[in-house]
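One chain, chain A, links the two complexes that follow: it is found with chain B in the first and with chain C in the second.
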Partner chain A sequence: MSAVVTPNPPSTQTEVAKEPARAGARSALSHPVARRLLPLAVAVVVLAPLAAVLWGSGSWPHALTVDIKTPLDDAYNWTVRNRDTNPVFLYGLLHLSNWADSSVSSVTDLLENLGWFPVITITVLLSWRIGGLRDRRGLKLAGVTFAAFAVCGLLGMWQSTMETLALMLVAVVVSAVVGALLGLGAGLSDRFERILRPFLDTMQIMPAFAYLLPLVVVFDIGVPSALIATIIYAAPPMARLTALGLRGADPGVMEAAASLGTSPVQRLLTARLPLARKEILLGLNQTIMMSLSMVTIASVIGAGGLGEEVFQALSTVDVGKALAAGIPIVLLAVWFDRLTSVAGDRLGAGAAPAGLRWLHGWRAWTVSAVSAAALSVAGWMMFIADWPDTWNVDIASPVNNAVDWFTSHMASGVPVLGGTRTWADNFTLWILDPLRTGLTDSPWWLLVLLAAVLAFLAGGWSACLTAALAMAGIGVFGVWNHSLDTLSQAIAGVVVTLVLGFAIGIVAARVSWIERALRPVLDTMQTLPQFIYLIPVVAMFNVGRSAAVAAAVLYALPAVVRITTQGLRQVDGATMEAARSMGASTFQQIRQVQLPLARPALMLALNQGVVLVLAMVIVGGLVGSGALGYDVVYGLEKSQLGTGMTAGIAIVLLGLVLDRTTQRTGKRSAAR
Partner chain B sequence: MNDMKTPDMNTPDKADVAKTDVAKADVTKASVTKDTVATGTGTGTGTGTGTGAADAAGEAQPVFGVRNLWKVFGSKADTVPGNAEYAGLSQAELRTRTGCTAAVRDVSFDVHKGEVFVVMGLSGSGKSTLVRCLTRLIEPTSGTLEIDGEDVLAMDKNRLRELRRHRAAMVFQHFGLLPHRSVLDNVAYGLEIQGMPKAERRERAAAMVAKVGLEGLEGRRPGQLSGGQQQRVGLARALAADPEVLLFDEPFSALDPLIRRDMQEEVIRLHSEEGRTMVFITHDLSEALRVGDRIALMRDGEIVQLGTPEEIVGAPADDYVRDFVRDVPREQVLTVRTAMKPGACDASEHPDALAPTAVVSDAIESVARSGRAACVVEDGRCLGQVDQSALLRVVAGLDREEVAA
Partner chain C sequence: MKMNRKNVLRVTTAAAVALGITGLSACGAAKTNSGGSGSGSGTVTLSVQSWVGAEADVAVAKYVLEHDLNTKVKTTQLDEGVSFDALNTGKADAIMEDWGGSPKKVSLYVDDKKTVVKGGDLGVTGHIGWFVPKYLADKHPDITNYKNLNKYASLFKTAESGSKGQLLEGSPSYTTNDKALIKNLKLNYKTVFAGSEAAQITQLKEDYKAKKPFLTYWYTPQWLNSQMDLVEVKLPPYTKGCDSDAQKVACGYAQTPLQKYLSADFVKKNKKAATFLKNFKWTNDDQNEVAAMIAAQKMSPDKAAEKWVKAHQDVVKAWLPK
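The block that comes next holds the complex of A and B.
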């Protein structure tokens, strides 16, 4: 290479030598980041000293807070007093609440009256049909279904499983219909899409916990709140993906349809909707997974079912019982995911049906339905309707014994390594505590400024404004210190997640057998509800902030690993080949080609990691992470809705701050 | 431009003729001539100037009558057509002046019944926009557009839908098939749109599938077919509605060369069997010469020359066209009518006689075999003779100046 370099003409050299100082100053200013920050810096130079002088430089100044707890409590009390008399409740919301109650209870009754044998028969045959009667996948799916439901029964969770299933069925049907209608509107009308998109974007980053409280204010604790929270939480992906699918219809096909003289309605029904089938089904999959997640979390506000069992067990740190209820949740998640993804694959494959005509099309549905009915009646007559107690397998005590053994042998005092609980304690002591102290001791205006600068760099002026206002809002509503506590956990969690996630992602992107081995694990982990992650974490790290951070890392890791791996794999093969042909080492390839080119994917991984970690750190309030998550739980348990709601608002604001400081605006326009 | 000489029905086959024996060529010619007579078009005179005398067929009502058609994209689109100020501007100048792009500029032509009318040009020349304007898939900015004398631009939604359903069907470059439907249901799609009962439309569709040579693949999905097979489905779908006109928008550009040749032959075969009017868009000159009765060559939204393949190759209207056709093997396009020395040979027998529509390369073979000049005979009458030097002049391009003069 050196042979190619030609000496500079001497005159240029002397010129360059003359002005190193000036050039240095100029280059500092002409750096794009510096130039963009200039107006912000000017504003800070004026405002920061002013703020510091006026209100001090420690924690958020008391003079700038607004008490919203009292009015919120008043509003709640007023609602409780007037719920039975006010016309808004009497003629509007009460109907909604009654409808929710009756629909869920009728489905629950139906499932319970059917009895366990018919339920298993019907679900197994239905799954088989969806997977294809003469298809190996169909048979496999039927096996998964049978195993899932049988285990639910064996663990003594039949009743709870049916309650959860009933709540889910109603929630999924309603969210899917609502989501599909919204998606249809957004897919066909640009104006509607512009209105809807900000709502969907915001809802996507809101932690599940934030949805619960407002509903409790209106509907009180119970099934209606849980159902409606689930519907609101689960509908957006359906709407988003339906709109995406409708908008993504191949313009060539649409034009061909138009050229044949289709009317707009014909075009929608025969071309645009069928072309969007895959996205719509993916939306349904997401809606189902999110509603399962929410139905378990909503046990905090009285959803009952499996979530309730986990919640009760966790509050007494009974890992065995929590696991007995957690396994059915995992199995339900796996079953639902397989069911929808197999259905999606079959749609995508588009293979011509072959073989016996009784095994496909509407006839196959008839075959499945008739045989399910026949078997159900037979089974119903042979067995009793209730799951026989004698079949139950108690796993709680052996699991608890195992956990006890683990606690006494592995949790602490292991030579050199220390043990899991020692790690947790050390993590709290050496990382979480200093981070929290650092944040709470920083001048409040510095933190607001930091949020503003980061958001500005990530997304420009509007993001900057949103982040600064949200950060200030946290202070104004008087939850500054609790929010910073949550923030410290989130930051620690994000750092650990990114370090692990990028490392695993890079390895998986380069070594294909690791990627193959990881894929099913990641697939399953991504389908699990947030609640589930708390169980193993409590077993290993006991309760506390470290446990919450560990759960958050576990929860966010699959998404980060997946996005990183995909981003690195999608790096242009020709560029990689060029780098290799120049003799770049593996490390050079990663650092100089793959990472820079995969930057958008890595930024997306960062953003996703932040959103997921925050959501989970807050759910960690259930296992002693304190701070905002605990405020919400406390508010719910003690009917201190003011405290809970304030924490809920702070969660939303914190979510906005974290999202805006990590989200590139470019990513959004690319996603469209 | 509309009083161009009428098309020569034999030209689509000339490339084949060049490769096959004369006897077969004559058979093809005979079958085509039947259509020609039925639709009232005569043979071209091949004088090459494009202003040759039009016979009675030229006066018959054209399938498509296009006059001063404009399509301008941009916010101030309406101000551009007919504005003398912008008339001479290039695309780039127009864009800087008005912010608009004129995809089709003041285009006029007629498509006669039974002919293959080719619109050819490089990408961005506006040819695809033009063909979409014909059924108003893209709404023209100004001008008049008639189908069988009926004003297309004045049609309401329902009339337009009827037009698209029954009178003009289109074949697309990227096929535009519905991926979730079988081949048969894709072909039947247009009929389904028309409201035809299921059994009837399936029967009809099955016949069309057979016609394009896809028997046995009725149950497949488009994703399981090769590109050529997919385009056959697209063709069958267009044919199923039995339209008066077939519109092809670069139908074979996405196919590889061998398949493309197959498909071109398929189109030529369909045309010779049914004599359906076709408007064919392509960027490929050899394709245009193969399938076209008449070719409109477009550049920057304007038609720079309109004429038979022989006219385009033999007498390019300007340097752009000349540059375009420079590499065309002239002996495979120009006919002996152009090459011959006029004058009867006075003999009663004409051994090795050539039809006036035979291309020069055939004549070369025949003359080379016999070693003497061959007579050009039409209806038993000797029109003239071609000898080796006359044929060589064509190959060498020396005839160009004479024709232009």
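The block that comes next holds the complex of A and C.
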């Protein structure tokens, strides 16, 4: 069976292979790919038989493993014993942790003591001002803000929303400052950027669960760990985009500024930074989105707020209640997204004031602030501070009924096709099992070699080296079989995601009403906490690896669809027109014109699909995927740092292998 | 140019001073107690584990603390193992229901560091075991003994367990010896971890609805048992110490009197609340009543607690400190 299934990844790889050959130096076109592989092949011919003779050709040889579990467990025990007495903790880290605690709790207290009416008033007026008091966008934004916050209240989630908002605000401010400083350094110094880039890459590939565990060891359960985890995850886009913006400054403007005799600092403050403000704002937007997506994960380690509501609902298998807690997260995301994008548009348009003077500039801020204060006080005196329970709308029971009906009809009720549970069983038996057996039965050196060759074809020598080392690292740390199990699930997940994503993307790119209809669905899928669909996924696909793959596909699909649609849309209109006038059928247009021209976008979709599928490995562990995902969850819940951390590292290494084998160099900065 | 250098200098000095001040203020040793009752605000932080039984304990304790002892209560959702860490640092003040899944942490914190103290029996007796649905036991009456399980292994085959029978396991945080049990009792079964209780319950509910055969790791008291008729499979009887070597276990699970644990600091600082939590004791039936209200009737924990407390004033009175 494995012979039937395994060709899938290589077939995508041959596409990768052609690409660098074509995009690479034109003079190298005469050299076939085989020629470039020659040094690698020589090394292989010498090394592979040697390795096979020395250590056999089965699973990763035991002689080549290093035990990192025991030292990790020892480190954990040492930390737990000495956390209260060691000076490093007492004089350093504990301050950090207490600061995090107090800053988040003071913001929470502030929001809670203000009460719901003033909070809504202030946010609405603030949004209105940012959107422009005389601008239609401002009014619209104010409407969106009001609706978002009102729904949070109506769902009975006001207090949790405030807790989450407080953690978010602190996390976003710190991430933005950290990210901006790093970006400033990277934007001004080439060396700093070279050093920083691998760190940013790792921070983004590494699944958040992997660093929750060491954070908990050092900072204990609670807000500090959650805050730091969020910052690690959310700061990279800010750093990247700030650097990109600074680097992209118009050389003409810079030259002009320099010729006016400005100092470097002045040039930075008056020319470079203002020119980069659009990118910086986009970075801020991304940072906010990333930190919102951490809300549920952070509550695993005691962050509270909406994430905790989601988990509590899951413990009673209450999808409806989990959804009621998930919707506010989506709404916060929508609000922040609109806010930053409107602010970005207005910054981009430049200040071109028209109309009454007191409706823009600092006067407008004053108007907003004063009216917000006045209204707040009035509202505060009229209403009670707590959100009135009687206003709450219960969506839990109708949602639960709908989900029950849907899953039970899909699970086994479909005539002829048998229903999703049968499909899931067959998917496990005929795709996942052979794939896993194929991988675990392959000689270890062959898999390392395969990773090296694929990465070489995709990204050259440095990618090759990274991929080979990462693959070998998995073996060295003694998690070879579990990693291959996870890898088989990831490959299956990526293939399904790409097939579905490309199909939907192609249709959406051609039929615009479908794209418009899809957009809100995709937005919701991307921001809704993944934990909410655990229960429906299990109900439809049974506990096990199929359910894990299904969850991963659901998570990765939106990005792939989006990138595909966008890539196809950007194909030059004239080329399309030419193809049409030559009598190409719709199918021919897609296959022979659009797809080849959109290849960079499709490759990016592949890479994003891979990274996102891998990010879901942990959630897979919660629905029965076993392997690495389960190990990380086990490590976290049982405080087994050795098991959890090793599995976390293995996921990072797998991520590196998959990323390097699917990502073309040279496009990297554009891709992010 | 000079002007600019001066500016830079000024900014740098200002930054250095600012940093220095914050640094100085941070020079002292930080206090460990940041959350919980350590801050002296009088708020009690109760740790809630992911199962509904624990939620019921906490809900009732919270209700009584708030209404009879005028104490503010915070709840925080933590897993069994990390709850002990939270008690150690004072992030949480009490665990209401411990199943004995972290003996190492108990010995570290309770015996060695003395940062956590025992809070006595909860009154509820927990029991872990292997269960099959009643409709299956009716059909094959001898299935309820582990000796006959191999005969029926093919009934429990799934895509995940392959040629063996599937024994469904729950969350990784739960105490289980099942892998060793299967090996030592020479059973043709394989453990399949659902990875979370939500996933396990969903799977059980779906199978139960479809009247499919299943064998699962399960426990009592559990709210779901009032909705599903499950029968326990007899394992070799538990004798004291038979589970001491995790690799060689060949006996069933003990009847575990569930324990409460309190943070030592909290006991010192908030005597009234600590005494109440130590006195807190109820039965399996009591807990099931509240848990079923929360899980099956989808009442909010606070409402369920209120309803139960109002109906059981005599029990609650006995808990209050004199």
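Convention: the second predicted complex is superposed on the first by the 545 of 672 C-alpha atoms of A that agree within 3 Å, B and C clash if a C-alpha of one lies under 4 Å from a C-alpha of the other, contacts with A are read in each partner's own complex, and residues count from 1 in each chain.
The definition used in the following text is that contacts are C-beta pairs under 8 Å (C-beta built on N, C-alpha and C of every residue); 3 or more make two chains touch, one makes a residue touch a chain.
Being a predicted model, the structure only gives us computed values, none of them experimental.
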item	value
Overlay on chain A: chain C relative to chain B, clash or fit	fit
First (chain B), second (chain C), both or neither touched by A:263	both
Touching partner for A:274 - first (chain B), second (chain C), both, neither	first
Touched partner set for A:520, first chain B, second chain C, both or neither	neither
First, second, both or neither for A:252, with chain B first and chain C second	first
Residue contacts on chain A - larger count, chain B or chain C	C
First (chain B), second (chain C), both or neither touched by A:637	second
Chain B versus chain C as contact partner of A:625, first or second or both or neither	second
Chain C versus chain B - closest C-alpha approach in the superposed model, Å	5
Residues of chain A at both interfaces, chain B in one complex, chain C in the other	263, 266
For the chain A and chain C complex, residues of the former touching the latter	80-81, 83-84, 90-91, 94-95, 97-98, 101-102, 216, 220-223, 263, 265-266, 299, 301-302, 304, 308, 311-312, 314-318, 321, 396-397, 407-408, 411-412, 424-426, 428-429, 433, 534-535, 538-539, 542-547, 620-626, 629-630, 633-634, 636-639
Residues on chain B engaged by chain A in the complex (per definition of touch)	135, 137, 160-166, 169-170, 172-182, 189-190, 192-194, 219-221, 223-224, 234, 237, 241, 247
Footprint of chain B on chain A - complex, ascending	250, 252-253, 255-263, 266, 270-271, 274-275, 277, 347, 350-353
List of chain C residues in touch with chain A within their complex	1, 4-5, 7-8, 26-32, 34-35, 48, 50-52, 55, 76-82, 85-86, 88-89, 91, 101-102, 105, 108, 113, 158-160, 162, 168, 171-173, 192-203, 205-206, 209-210, 294-295, 298
